[in-house]
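In what follows, a structure is listed as structure tokens, so that the remarks can point back to it.
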Amino acid sequence: MAQRTALIVSAHSADFVWRAGGAIALHAKRGIAATVICLSYGERGESAKLWRQDGMTPDRVKSERRKEAEGAARALGVSDIQFWDLGDYPIALPDEALFRLADVYRALHPSFVLTHSKEDPYNHDHPLVSEFTQHARIVAQAHGHKPGEKVLGAPPVFLFEPHQPEQCRWMPNVLLDITAVWEKKREAIECMAGQEHLWDYYTRVAQQRGVQASRNSDKKITYGEAYEAVFPHVVEDLVP
Amino acid sequence: MAQRTALIVSAHSADFVWRAGGAIALHAKRGIAATVICLSYGERGESAKLWRQDGMTPDRVKSERRKEAEGAARALGVSDIQFWDLGDYPIALPDEALFRLADVYRALHPSFVLTHSKEDPYNHDHPLVSEFTQHARIVAQAHGHKPGEKVLGAPPVFLFEPHQPEQCRWMPNVLLDITAVWEKKREAIECMAGQEHLWDYYTRVAQQRGVQASRNSDKKITYGEAYEAVFPHVVEDLVP
Amino acid sequence: MAQRTALIVSAHSADFVWRAGGAIALHAKRGIAATVICLSYGERGESAKLWRQDGMTPDRVKSERRKEAEGAARALGVSDIQFWDLGDYPIALPDEALFRLADVYRALHPSFVLTHSKEDPYNHDHPLVSEFTQHARIVAQAHGHKPGEKVLGAPPVFLFEPHQPEQCRWMPNVLLDITAVWEKKREAIECMAGQEHLWDYYTRVAQQRGVQASRNSDKKITYGEAYEAVFPHVVEDLVP
Amino acid sequence: MAQRTALIVSAHSADFVWRAGGAIALHAKRGIAATVICLSYGERGESAKLWRQDGMTPDRVKSERRKEAEGAARALGVSDIQFWDLGDYPIALPDEALFRLADVYRALHPSFVLTHSKEDPYNHDHPLVSEFTQHARIVAQAHGHKPGEKVLGAPPVFLFEPHQPEQCRWMPNVLLDITAVWEKKREAIECMAGQEHLWDYYTRVAQQRGVQASRNSDKKITYGEAYEAVFPHVVEDLVP
Amino acid sequence: MAQRTALIVSAHSADFVWRAGGAIALHAKRGIAATVICLSYGERGESAKLWRQDGMTPDRVKSERRKEAEGAARALGVSDIQFWDLGDYPIALPDEALFRLADVYRALHPSFVLTHSKEDPYNHDHPLVSEFTQHARIVAQAHGHKPGEKVLGAPPVFLFEPHQPEQCRWMPNVLLDITAVWEKKREAIECMAGQEHLWDYYTRVAQQRGVQASRNSDKKITYGEAYEAVFPHVVEDLVP
Amino acid sequence: MAQRTALIVSAHSADFVWRAGGAIALHAKRGIAATVICLSYGERGESAKLWRQDGMTPDRVKSERRKEAEGAARALGVSDIQFWDLGDYPIALPDEALFRLADVYRALHPSFVLTHSKEDPYNHDHPLVSEFTQHARIVAQAHGHKPGEKVLGAPPVFLFEPHQPEQCRWMPNVLLDITAVWEKKREAIECMAGQEHLWDYYTRVAQQRGVQASRNSDKKITYGEAYEAVFPHVVEDLVP
């Protein structure tokens, strides 16, 4: 049987950690190889602490951010992490990048896809990346795109939790139990030295989603991650 | 292991057939016993053909409707069908009925619950029954309701497809493959002699939802049923 | 050919004037007879000016309000105005009133129905009346309700403009040109002596909706009334 | 009197058939000339069956698609069909195309406009074309665009039914009776040899919308097409 | 100058603590006297821990719950706490209670009102209480209700945070800085011995809302409470 | 203390007058200096009357529009008005303009920001400008954008009232009392000689919003302006 995979598209190099670290580690444990695409380093807009250091340059910020992300990826068991360095605030997403991502879809045939929410009044890059990721998925489904290649099927897409969820009109309709891999996610979080102020914020997010996951099931769940599914779930039965 | 069960709450005695017949037959096949509560016979509002017969009376309508529903229930493999005869157009849902339904929840501890959509500008009873069914679920979860009994957990609730889905602002976010039991559902549909004009309508609904289920998965699905999940799915992984 | 009719259901005795006076006068001119049901006089909640008079009593308020409404009805060419005196703030809408309104539907077979918006955070009676009016329509459609009578068809329902439209999440999707009958509407408005502070407010509403109607067509329209259609328009062509 | 016209803007060369074939044929019968703009052939993303043939090339796909669309246009009585060949998956909509479409608006002064839904998570081109079509309409209304020409008025815009309507948050608020021209629409549908799997799907769509149109009126309607009106209806009366 | 007041309407006797404890303590500190109405004790549905004790009875649960709420009220500086004992799961809200609450509005003329969210699929009492509280406000505004009394003005209404905010479609559009009174809120929370599992959950809620309040201002805020304003803010300027 | 400022971003050179003239004059009176950026003159799409004059050219339209806007700015007490001449119908908003606007944010550190609504089916430029204005705000908040400069904080953004508010799904949740400066706003309005048909329309808008502001407060307000706040209000108390 072919290697099963997951595709995570992260606008900036830290997003996949806060927002999808649990899902990555959980599926890695089950043999599903995660490919993480960091479209930019977030060097302009998400590196405040680094910029407060003397003599900082864009290249040094990128290099620090890359190291952090690679450390986190290791902690989570990511199979492949790619840095496309497309800039941020604003991110640039030309057709060339679109087709490159379509190629990744075709190469992986991922079992599922994770990316950003559709709206975010605090962040201009995140919704662009959400649309871009879904657009590339559609291109990869087109029979006339690089005819002869095996076209992409219909992998589900889950949108990860934004920083201020209600303001982004994001609706969590999937709650994932990440209790078993929480230690790994926290370890990955602690790799993000430049954004230490978020460590506890996202730990509390995991705790709140854990409590909510318990309330929506009959299970004991301590840590959770929430997602918004874009497409209907196609199921064989209705038993949870 | 205890018998697994499902609870279906139907405003009128035919609703469970058109809207959830596939789910009932499918789970019956897998040993999950369905209890169907027909809160009314739909004798006033959903029996036009019967009322066109000479000398029709409310009691004869009810009796005909009951026979049809029992026939359909047999075709689908329903374990228990109950007729509460609460009237229709409008339906009456007093607290006594609420507590009776809470008792059913406590007796069954169903794995999932099916009922009507939250809105329906064409039907006043359906949204009332949706709210009533969810309300009884909450009462059954209360530790102070009949203390000493085992309280209900958190079974998921799925809202079945209304007659004109968009007008009801109902969003199908779960598509169930019912291809394997389609023949049973069609057989049950054909038990509804009084509403023959709906047979083909709901057959086409099943075909359209089947096509859509295929498009949202990589599976070949011919017949489907669509549902709107009320609560987030609590999951162990994101692989479909 | 049978007399064509329209049914207007007004929570309080002045609502039909501000909100639907133009539609009533316009259709009256074309031979469509309007029946206006004033479910209450609005004696408690919409008669501030009267209550500021010395020695005012509920009966005197009702009597004044009735006189005003009858004057307005005459100005608009209303065929039949009924006062059901069901109280206000809160209005009482028992099943007896529901069946009485269903009888009106069956007696009139109206070409269209006008009533209040579905939401109104400033007014508790209006949304109740909206639901009540639509509920009675559904009862009148039921073959088992007073079998033998001709059942109601599917007259469109239009929701009239609330006082603060956006706050009521009311969406004007029909703009009616009332320029030809504006004088009559203004005359009717001026019958409402107890709410003189609203005369100019609703004149401006008519002017704004007139400008908007012009902008959404290629016509010169000076005064308009806006409505939210509840059901889809069933049409023979798409030419406006 | 000037020739009355309609403008249909179709992202790919088959969309106008499935989604608006009935409206086109119906108005053609009444002397309203339809101009159909096929912005692309859908050669990459909507020609799976053709790409399964040996030795297929983009040009051959386009040529086949064009032949199919021309055949369908003949069956429907389209007056003018144009192929702008702007590519698909993704479609390219530069300002030059925008002004070209504005010119079409100015040349035709259409009585109404048909195009795609505002959202579609399954198709990236459709929402772009919807926005593009509405944008060009606004440019054609600008007095400073090619001053001296007669500016466009305010033709209504109707959005046609997407493949999975609820997922596109598309709300059908206009139901058009196409029973009288159904045979022509089916004939046009059968011209689309490359998408035979959709023939019955869209036949069932027409049947379901027909039943719904009957339910929302007092007419016998067998086949229907559903649309979402973008702007309020400006009307002279409220009688359906 | 008259004593300024605030009115908090709590479905169950603990709700005001988790959801509005900070607002109460903060305004108390500034001399605004809070009246808290606990419509029920939450004895059936929100006292799981108490019901697990041997020999528990409804009266003992109520008595325990009352003691806890009184302790919390003291910690927060509540001026008046009332227990109306209307039952829960389901709560009973007859007209008598409605007029009693209208009397409270008239007696207090509160500067603002706090109550529950409009929707809550996990709790049937909360939305009922939200509607009830707003309904009583409207009755208290009616000049014909107890004529001669000074009618209520237009105090703003803020809806407090439900347990699972997104699922309740509740939108936090007001963030209140409660850092200065956090210790009092935590002390009040710790009075709720029967729901110790919620202590840390609501501490984390306060921390998350604090971080968000900082992000939406240029202030350092550690603890926050979020509210949804029902009505537009009427302001003298736009400077925050 | 530094000069306090406000930033108003207007798609066309007249928008700031109709939509925000009151806010500008009111804050000017209080010493808050308004900078108005007119991104275009609206020379193509919003100058119908000028284009009806013989021999009109784009440059003459721009020059007239500029004079009008400068006159209005003087009447309102605007501190700085800039004309960026970016074209209209469609407006062009390249990255260069984005960074220029980010520079304005950094130079002003405005107390609040005013711009257009997020949607407008009648106007393609307005929503683009809304997104552009918010995007530039986010860029100005980025520490890596021109490192060394003081980054922007979190000024609130208010969206001003579009021409047909409900059709733009714009929700007025802030009502500003502009009674004290109404004369100035009317004077500014009368500077817009090219759009005289809008003078009374926007006067009536101010009157309606004034009445609504009164109804939502206990104040006497004659003229108002309505806004939609994008972000939650961060407050120190809940007293209006």
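We just call them A, B, C, D, E and F in the order they show up, numbering each chain from 1.
Quick note on the criterion: a residue touches a chain if its C-beta (ideal position, glycine included) is under 8 Å from a C-beta of that chain, and two chains touch if they have at least 3 such contacts.
Just so we're on the same page, UniProt names per chain: A, B, C, D, E, F = 4-oxalomesaconate hydratase.
Every value quoted in this text rests on a predicted model; they were computed, and no experiment measured them.
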Shared touching chains for chain B and chain D? A, C
Counting one step per pair of touching chains, how few steps separate chain B from chain E? 1
Taking all residue numbers at the chain D/chain F interface, are over half used by both copies (same) or under half (different)? different
Most remote chain relative to chain B, going by C-alpha centroids? F
From the centre of chain A, which chain's CA centre is farthest? C
Provide the C-alpha centroid distance between chain B and chain C, rounded to the nearest whole angstrom. 37
In whole angstrom, what separates the CA-based centres of chain D and chain E? 53
Out of chain F, which residues touch more than one other chain, so two or more? 122, 167, 172, 212, 215, 231-232
If you go through all the chains, which pairs of them touch? A-B, A-D, A-E, A-F, B-C, B-D, B-E, C-D, C-E, C-F, D-F, E-F
Partner chain A, residues of chain E touching it in the complex: 122, 163-167, 170-172, 200-201, 204-205, 207-208, 211-212, 215
Give the list of chain B residues in touch with chain C in this complex. 43-45, 47-48, 51-52, 56, 58, 61, 88-90, 121-124, 167
Hey, which residues of chain B end up touching chain E in the complex? 95, 98, 134-135, 138-139, 141-145, 147, 151, 230-232
Which part of chain E faces chain F closely enough to touch in the complex? 4, 6, 23, 26-27, 30, 32, 111-112, 114, 153-156, 158, 172-177, 212-213, 215-219, 221, 226-227, 229, 231-240
